[in-house]
Each structure stands twice: as C-alpha cells, then as structure tokens.
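Here it is: the structure, laid out below.
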C-alpha cells in the first residue's frame, strides 16, 4: 500500500504516518530536509519526532527521493514540504520564474512517480499550505503553488490519501 | 444540479469543476476577475486553464454574477475569490468599515442567491482562505471574513459542496 | 456528549456549535478572550454572536477553562483560539522558548482534560490555523503550533470532532 498523509502543522500527521507502519519491523525513515538548523524550536521538534520512532528504524537524510524510494522494505518520507524547500534552496530556484521552477519540479516528480509505480509500502507525509490568504511574499506564493502541484501528483501515484485534522484521520 | 467546489490553491478545484460539466456540449465559463494583469505567473496560469477547456466552451469575462447566471445552459464560475477581489477593487471598498462592506456584499449575494434559485446546472468554484493564522494586514483579514460569508451563503444555495484536497474530492 | 467543533474563520463553526445545544433550556456560554477591544470589526462580530444566542443562556467571561467546565449543565466554549491567545498575553509567554510555553500549555491541558473526563454536555469551538504557509512572525508560528497541540489533545478528550467548511459539517 502507498499512502499520502496530509494536513496542517501539528495536526498529528507524523504520528499517524508512523502508526501505519507500526507492524513493520524495519522501516527506512527519510528526512529530506536540512539536518542542522540554527532555530532551537525546530531542533527540539526534530528531537521529539526522533525519540518517538522505534530504535529499529533506519534514518536516511537525503534530498534524493528517487534514491530513497529505491531501498528495500517499507519507507516513510517526512515530509514533502521540507523536501521541496531543500530542493529550491539547493538549486537556487526561489527567484526563478514560476515556469522554470514548475518545469524542474515536474521533471523530478516524473522520476519519483515512476519509482513509486515499481514499489509498495510507502508512506509520504506532506503539508497543506494553500488554505490561507495569499502570502505577502512571492516566495510564499511560489512555495504553496509548487507544494500543491507536488501533492496532487503524488496523490495520484498513491493508493490512499489521508487528511489529518486535530489527530483524526479522514480517508479521501 | 448546483455545486459549490471549494479547496486550497493548486488543490485541483478547477479541474474537478470542469469534469463535472464534461458531458455538456456547451458551457459558459465565467471569469469574474481582471482580464489583464502584469504578474507573469498569473498570466501563465490563466493561459494553462484556458488551454485545458474544450474549444466549444464560451468564455464570459464579467464581475456581474447575476447577469452571468442569466445565460442559457450550464455555467461554470471560476472563481468567487477573484469575483470578491474584483468587486472590492471596483467599488473601492478595501478601506471601508467591515459593516459597510459586509452589507454591500450581502446585498449582492441576495441577488445571486435569488438568481441561483431559478436555475440549474451551475458549478461555482471558490477558495478556502480562512485556515491560516490571522493575516498581518487588515485587507487580508477583511478578505477572508468576506469570502467566508460568500462561501457560506452560496453553499446554502447549492445542492452539493465538494471539498478538493490534493486532487481528491470530498462531498460535504 | 462532548464535541470539538473546528474549522476556518467564518465557516459557520459558532452557529453549528450553538445548534448542537439548541434543545438545552439553559447553557453556559464561555467567552475565554478579552471582553473589551479597540478593534471595531471585532466588537461588531461579538455583538452579532451575542444577539444570535437565546436570552436564557448565561455568559461567563473567563480564561479559567477548568473552572468554567465545573459549572452545572451544558457548556459551550467559543473559542479555544481566543483562550490560548488570552493565556499567552496574561502570562507574558509570547517571547518565551517553545519548550517553556509548550510545557505550560500542556500542564493546563492536563487539568482541562481531567475536568472534561468527569462531565458531559460540552461543546468546544476551536480554529484550524495550520493550513497556510509558514507565518513571517515567530508569534504566528508559535501560536499555530500551540493551537495544533490544544486541538489534538482536546479532540482526544471529546467523543466527536466536527469540521465545518462553508457551513457544512463533516464528522471526523
């Protein structure tokens, strides 16, 4: 089974995603974002997530989703928002035109979707960020448009989409 | 059938709304927002939407929703957020008191709801913008309050409300 | 029955919450936020809410949720977002570390959850604020993280969670 888990911040998405793989003895946990950060709130949150995961799980820190999905056994990616932000950072795409960035992200999604089609037991965690007013900054507008694209394309590649609200799960 | 389609940006709302009318040979597509814009990202998005629609559809660019809903045959309005913003622009209402603006929008909604009651085969696309933190600017707070009002009133006038998340449709 | 009602601004949450208690002759309505405010839009909104409630309802203005939940008969709290903001104001916690604030809120939630366990006929209204892009200000980021925590914990303590979108109710 392939599941996309979506929802707002602090909605219980990660916990739900982990519970979907609770019966798997070994899981590769993919953290696609920055591994060090100067923001103490963020460091504390990462530490709390880590403490909650079983010791038998392997952590893989990489932006290369296609490679990460190539490992054997169940994979949990948390989360696609972090992946997208790290990707835009690494390729210096925040100030590129929407057309250029969209084409780049779309091409990467082709690869990811192709890899997903060949395998099973994947849980992808993402964020919903498109339900507020138009952000004041272009970077915010760009990011929410791109993450909407990521979510739509990966939802199509998954068997189920779960929306988490206040810890409750809605199967879409 | 009258349907209100709601969701976040890039959630797949427009595509779903269009699919609801896929069997209708002729559809009037109502674009209630500005027709020219200096933002290249926006222009590109409009062009992409247009390319996706069947050639047999008619496009009507107007802020006058009541008149637009008076045409014969199926109508698709995309979207009410653009309509509201264009309305506030045209009547110079962004700096008016919440009471004044709400009364104006409410009176227009009375007309729209009255026209909707007399007809069938309408799909209205809107946005959910009230699920983020309080916007820093008053214009953002005003807009999200008013669009919430628009959505509530038009939901009551429709037979179904569809929430689109990551391309999946939830009938509310 | 204990119900948590959530949704965006102007989604119809308060109206739905009130309808859940429409058959109760006497209800204690708990307003946990500031009672006076210099923002005329806010004052007008409070007045409109008040005018809608039955005259037989009692209004209790307090930040002390545990005490408020100790009264006899049905209780409606509207809303937890206002409660959280008033709490952070009163204890001067906006600039404290995420760890400190989270611990404080968590301890208060222990009390509230304990009181909820002993009683019935409670409707709690809250907001979903975590579905937009990352807020520019730390206060916004802190608030949405904390309210996510509040919502998750109180959802667990309730029998039902209702999500309101455009006036339609989804039981999660």
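Going in written order, the chains are labelled A, B and C, and every chain counts its residues from 1.
In this text, a contact is a pair of C-beta atoms (placed from the backbone, for glycine too) under 8 Å apart; a residue touches a chain by one contact, two chains touch by 3 or more.
Quick caveat: nothing in here was measured; it's all calculated off a predicted structure.
Q: Note whether the interface between chain A and chain B is symmetric in residue numbering, meaning over half of all numbers used appear on both sides, and answer same or different.
A: Different residues, largely: of all residue numbers at this interface, under half are found in both copies.
Q: Overlay chain A and chain C by their C-alpha atoms and let me know the rotation angle in degrees, rounded to the nearest 5.
A: In short, 120 degrees.
Q: Using mean C-alpha positions as chain centres, tell me how far chain A is from chain B in Å, no decimals.
A: 30
Q: Taking each residue of chain B in turn, which ones touch at least two of the other chains?
A: 8, 128-133, 136, 144, 170
Q: For chain A, which residues count as touching chain B in their complex?
A: 4, 6, 8, 97-99, 126, 128-134, 136, 141-142, 144-145, 147-149, 151-152, 154-156, 161, 163, 170, 172
Q: Show me the residue ranges of chain C that touch chain B in the complex, using the header's touch definition.
A: Within the complex, chain C touches chain B at residues 7-12, 40-41, 44-45, 128-133, 135-137, 140, 143-144, 165-170.
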